[in-house]
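What follows is a pair of complexes built around subunit A, which joins subunit B in one and subunit C in the other.
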Partner chain A sequence: MAIITISRGSYSKGREVAEKVAQRMGYQVVSRDVLLEASEKFHIPEVKLVRAIHDAPSILERFTHGKYCYLAFIRAALSERAVKDDLVYHGLAGHLLLKGVPHVLKVRIIADLEARVAAEMKRENLTQNQACSLLIKDDAERRKWTQSLYGVDPWDASLYDLVIHINQLTVDDAVDFIVQAAGRECFKTTVEAQQKMQDLALACRVKASLAEDDCVDIAVTSEFGNVLVYTKQDARKLHRMEDKLKLLTKKVPEINHLEVRSGQAFPPEAC
Partner chain B sequence: MPTLTAEMILVMIMIGVAVFLFIVEWVRVDVVAILMMVTLPLLHLVTPKEAFSGLSSNAVVSIIAVIIIGAGLDKTGVVNRLVGPILKVAGKSQSRIVIFISLTVAGISSFMQNIGAAALFLPAVQRISKNLKIPIGKLLMPIGFSAILGGTVTLVGSSPLILLNDLMVPFKLKPFGLFDVTPVGLALVAAGIACFVFFGRFILPGGGKSDESSPAAEERQEENQIIDELGRPWELTTPEDFTHYREPVTVDALRRRYLINVVGMVEPPDFKVLGPAPDQEIRSGVDLVVYGQEKDVRRMASEEGMELKEDLELFKGELADHASGTVEAVVAPRSNLAGKTLNQVDLAERFQITPLAVYRQGVVYRAELGDLPLRVGDAILLHGTWKRLELLHAEGSLLFTTPLDADQLRPEKAMFAGIWLAVALIMVIVFKIQLSVCLMTGALGMILTRVLSIDEAYQAVDWRTVFLLGGLIPLGIATEKTGTAAWIAHTVLNAIGTVEPIVLLAVIGLLATVFTLVISNVGATVLLVPLVVNMALAAHTDPRLAALVVGLATSNSFILPTHQVNALYMGPGRYRSVDFMKAGTVVSIIFLVVMIAMLYLFY
Partner chain C sequence: MPLIIVSADDFKQGDEISQKVAGTLGYRYLGRDLLHYVATENQVSEEELARALDEAPGLLTRRARRQRLLGLIEAACLNVLLDDNVVCFGLAAHMYVRAVSHALKVRIINEPEQRAEELAKAEGLSVDKARKQVLRQTKEERRWSEEAYNLDQTDASLYDMVISLGTLELDKAVEIISDTVGYRKFQPMTYSRKLMQDKALAANVRRELMGQFPEIRVEANDGTVVVFIQSLKKDQRKKQELVRQIAGGLPGVRHVEVHIIRDLVGQAAQSSR
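For the complex of A and B:
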């Protein structure tokens, strides 16, 4: 069994593909519900997150540590879902949020601009020019988003296992490909892969809990429940965070051991 | 009846000053002793020659020699071999170790000089303390006191008793037999040990609040904390199906998963690997030795289905303290290790040394050590054989903060060490040559046969002990020479007048106890025996009993670190004068009560 992330632009039929894949494989579909979950769990108004994801990333900066907290919360929520396995996620940057997990099939669905314009015109009742400029603006916005949050270009094909262009190929073709790919040996949820997923979820959870308490600018890794919290703060000024971590260690049974590393470069795999 | 002179008053003032300084500890006790050594001749209370005669006295030279002999025995591993059986019999409980060693020391010291017995056991006690992580302060004092008490078991156990018969000759009293004092002596030893077993935790340093703040105690606590962090070595066996249906498990995988360090393993059939490389594969049915916290080790054992052994079995020898150990090493400034990770340095591959933990700014790092870029000032806890650690030390990139103490063990010289000890003991027991000469012969023999170098011998000598004893001897000389002691004795005994025999004996015992704290026990005996015999005759009490009280009570020297044994143990045991006063007062009172009671019952 696997985790499938589908990255898509607007009106690229990504949602349709995702839903069909999930249906065919009997998986759960997740997209914006993750946001709802995050907002419930961490007591932030959903509006804040929704607006954040729709408007330019600059809006996040209006809140203190907005970008940082947004990422921490959404990642914690998504990884918690992903631990349960058998999941299709569609939306922006799912593949980046679940970085480092081996059994994630990363798919991008793209479509011709003409087809997308036509779809938008139909749904929103717009002229061709209006729809076209809106789509181009939307694409640019999403690109900016991904670049600002994750530092990569969503149009870079090397980020994905599969890039499917819906034009000649139909939605059903895409679903076939994805289902076939998801069945490959390399996307099987092995014990090791599941362990990695659990560790990622744990690290994200620790990070989000700390973000909730305004402990920001940290990175967290976990390996077999041995959690390392990296911070750039001086080791001597960490009392508040340490108190919080002590509480967390008691509360979360998955944490086997917890260490704080200060003044050390954040490892690339840290969340 | 002598009259009180100005000199006597001056001597009493000096004694008062010395005792006062012992108590307040404005300067260390050995400095107080040196102060006496210098002030007394300046005040013309002793001649300059007498002032320094203490340094060449039989006692001091004996101590120097016996410390060297002890160091030789320790360096050759003889002490380790001695400690093994002791621990086997005594187990790991502190009380049982104290009882067992105390009885042994008391037994030995009943036939030889107390200080000899005490000094010979010092290295052994230090080893036991280190091996079993018992604070040395909890062990040394009971053992030292037992050595002193053991001197009362036979008539040749301590100098005052040896002298006793000679001192009674002028009075034509019947001399004592060798074992006449044995019942009293045994009762005293038993009472002393019982006192420490039952009240040890109240009277010994290390448990009270006042001690917590002392640097020594802090150091002890810190050591314990480190040990808690690291856990201890455990031996496990992997199950037969360990490698079935899974990726190979490596040493590094176990360390990442359970935060334990594999320091040794047995490859079938019986090839032992110490400090295995991180990528070393662990197969089915092999024995492992790991360092780790109990909860981590137990978790690993249950999750991996390993069998956790009660104690070290196969690796007992390799992980014994004389073969391998754990040291703390600091990344030196300008060291080529700074900036590298432990994976890059690869101590396991190059030196077969296992890094256990890293300390940085008061924080202990145990997880993912391999990827941690080292910084100047990081302390790394390393485990390996002393030989391998020595090689790493020689490389110079790490500064070792814990000395590689077992590095110069010379087991091949053990026979020579044993022979020279035997020579010294035979000279003492059979040929009755003066103790200092015998022991120095043994020490010299060890140096000539290269059991230890002359420099090591010099380093082994504890100058604190030497000057503490050497400086107090002139104080004793002054007290006797000016007639102060005699005056005090006369005054006290006259003051009490004619009383019940038991009261007289108690007063004599008390007087002897006070005297032996300040002047030497021999001096006190020589001075007091003629006096008390006369007193006893006048009071119609048994004069032999009075003399015996003096002979025994001059061993009742526990309140101040002025007795040779106490002086010797004060440094290594990290005791302060207050510690002796606290425990010593209790033991001294018990001593007097038991002695009088036993004498009253048996004679």
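For the complex of A and C:
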């Protein structure tokens, strides 16, 4: 079984594709409920998490680290869901939030602007100009957000395994392709792949717990429950973080061992 | 049956996939072999034709010459694509076969990191150097298509599907592409066939006129050909007559209209003498 992430712009039929794929494969489909979970678990108003995921961070927020913390919460909630496998996830940059997990089929759904404008006009009762401006602005915001946080362009086709253009191809065609691709060996959940997913979930959980305490600018890796926390914190903050981590080690049974590494470069695979 | 037009960031992979798809479906494969025919028919070199397809014009390469060579390839390719059941790769068809509903357009790509690793291995480079080379290659690809066709060929929205060979295997890509053949929307219709015929006619007319009018633009509709050329006011009539004479004699052309675009640069040069 697989994890499927579907990235899309507004009104690109991505949600419809995701729901039909999930129905066909008997998978759970997840999107905004991840935000709700993160919101309840970390006591952050949902609206702030929505803004974190949709708007590019402002200069001020880069200093207060608000959005970075919120992303940590979202990522923790998503990876906890993904550990249970058999998941179709749409929106919310799943292909980036679950980076490094081998059995994730990453799909992008695109549609022509004209078709998207028509859909938005109908749904939101807008004029053509209004719908077009809103869509262009929304696309630009999403692009800016991804570029500023991950340094990648979400429109770059090389981030995905499949990009499907809904125009000549219908939603049902897209569903066929995705279901067909997901059935391949490379997307099956092997023991190793499941372990990687569990490691990611644990690393995200540790990072989110530290973010709750305003411990930012850290990276976390986990391998079979051996957790490494990389930090650039000064000695005073480091001390406080270590106290927090001691508590966490007692609270989370999945952590076999936890170490803090200060002053080292963050590994590229770190959460 | 649909036409299948493949574009790829790795020529060898694109060629292999296209040939396998053609083999699976029993279709004709149209690839770089066409260049031999184009070279012979038009007294140009095959190497120059291949370079026109692979390289953006440099300082020493005239743009007009490159556009002419691409125009020759386009005309020959479109004439073959009038038949159905063809898989086409390596002739830039993804750039000029647009809005034709029975043409399935697919792009095959690789993950940049994977490309860099393979390049490093093949050429004995460091991975860092290979990464920079891959980035340069992608920029060149983009530059080529923007200069030749005013389009970015790396833009996913130009295609019906983009398949990455990062995780999906080559044979899976072949399977996915082959399976689309049965989709109703890709079956040739009267209007889509007509559109292909119009494109082929326009390309043939352009091919005949490009030698004398490098910046020419041609549109065709049901045998009526509209030709846009640049001209100074004083040469207008003579050029219009010449275009009508050449284009009017070509098979499939029933009527020729010639529209003049003012040659402002030439006019300015003339008035400063």
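In this section, the second predicted complex is superposed on the first by the 257 of 271 C-alpha atoms of A that agree within 3 Å, B and C clash if a C-alpha of one lies under 4 Å from a C-alpha of the other, contacts with A are read in each partner's own complex, and residues count from 1 in each chain.
Methods note: contacts are C-beta pairs under 8 Å (C-beta built on N, C-alpha and C of every residue); 3 or more make two chains touch, one makes a residue touch a chain.
On a predicted model such as this, the values are computed, not experimentally measured, just so you know.
Aligning the shared subunit A places subunit B and subunit C next to each other free of steric conflict. By the document's definition of touching, of the two partners only subunit B reaches A:P267; subunit C does not.
Judged by the touch definition given at the top, the superposed model places A:T170 against subunit C, while subunit B stays out of reach.
Once the two structures are overlaid, the count of subunit A residues touched is higher for C than for its counterpart among subunit B and subunit C. When the shared chain is aligned, no partner comes close enough to touch A:Y150: not subunit B, not subunit C. Shared-chain residue A:E223: touches subunit B; no touch with subunit C.
After the superposition on chain A, the angle subunit B-subunit A-subunit C between C-alpha centres rounds to 120°, nearest 10. In the superposed model, A:Y68 makes contact with neither subunit B nor subunit C.
After superposing both complexes on chain A, the closest C-alpha pair between subunit B and subunit C lies 15 Å apart. The contact surfaces that subunit B and subunit C form on subunit A in the two complexes do not overlap at any residue. Partner subunit A is touched in their complex by these residues of subunit B: 247, 256-259, 296, 299, 360-368, 371-373. Residues of subunit C that touch subunit A in their complex: 101, 104, 107, 109-112, 154-157, 159-164, 166-169, 172, 175-176, 179-180, 183, 185-186.
Contacts from subunit A toward subunit B in the complex involve residues 192, 221, 223-224, 226, 228, 235-236, 256-257, 259-262, 264-265, 267. Across the complex, subunit A meets subunit C through its residues 102, 105, 108, 110, 112, 155, 157-158, 160-165, 167-170, 173, 176-177, 180-181, 184, 186-187.
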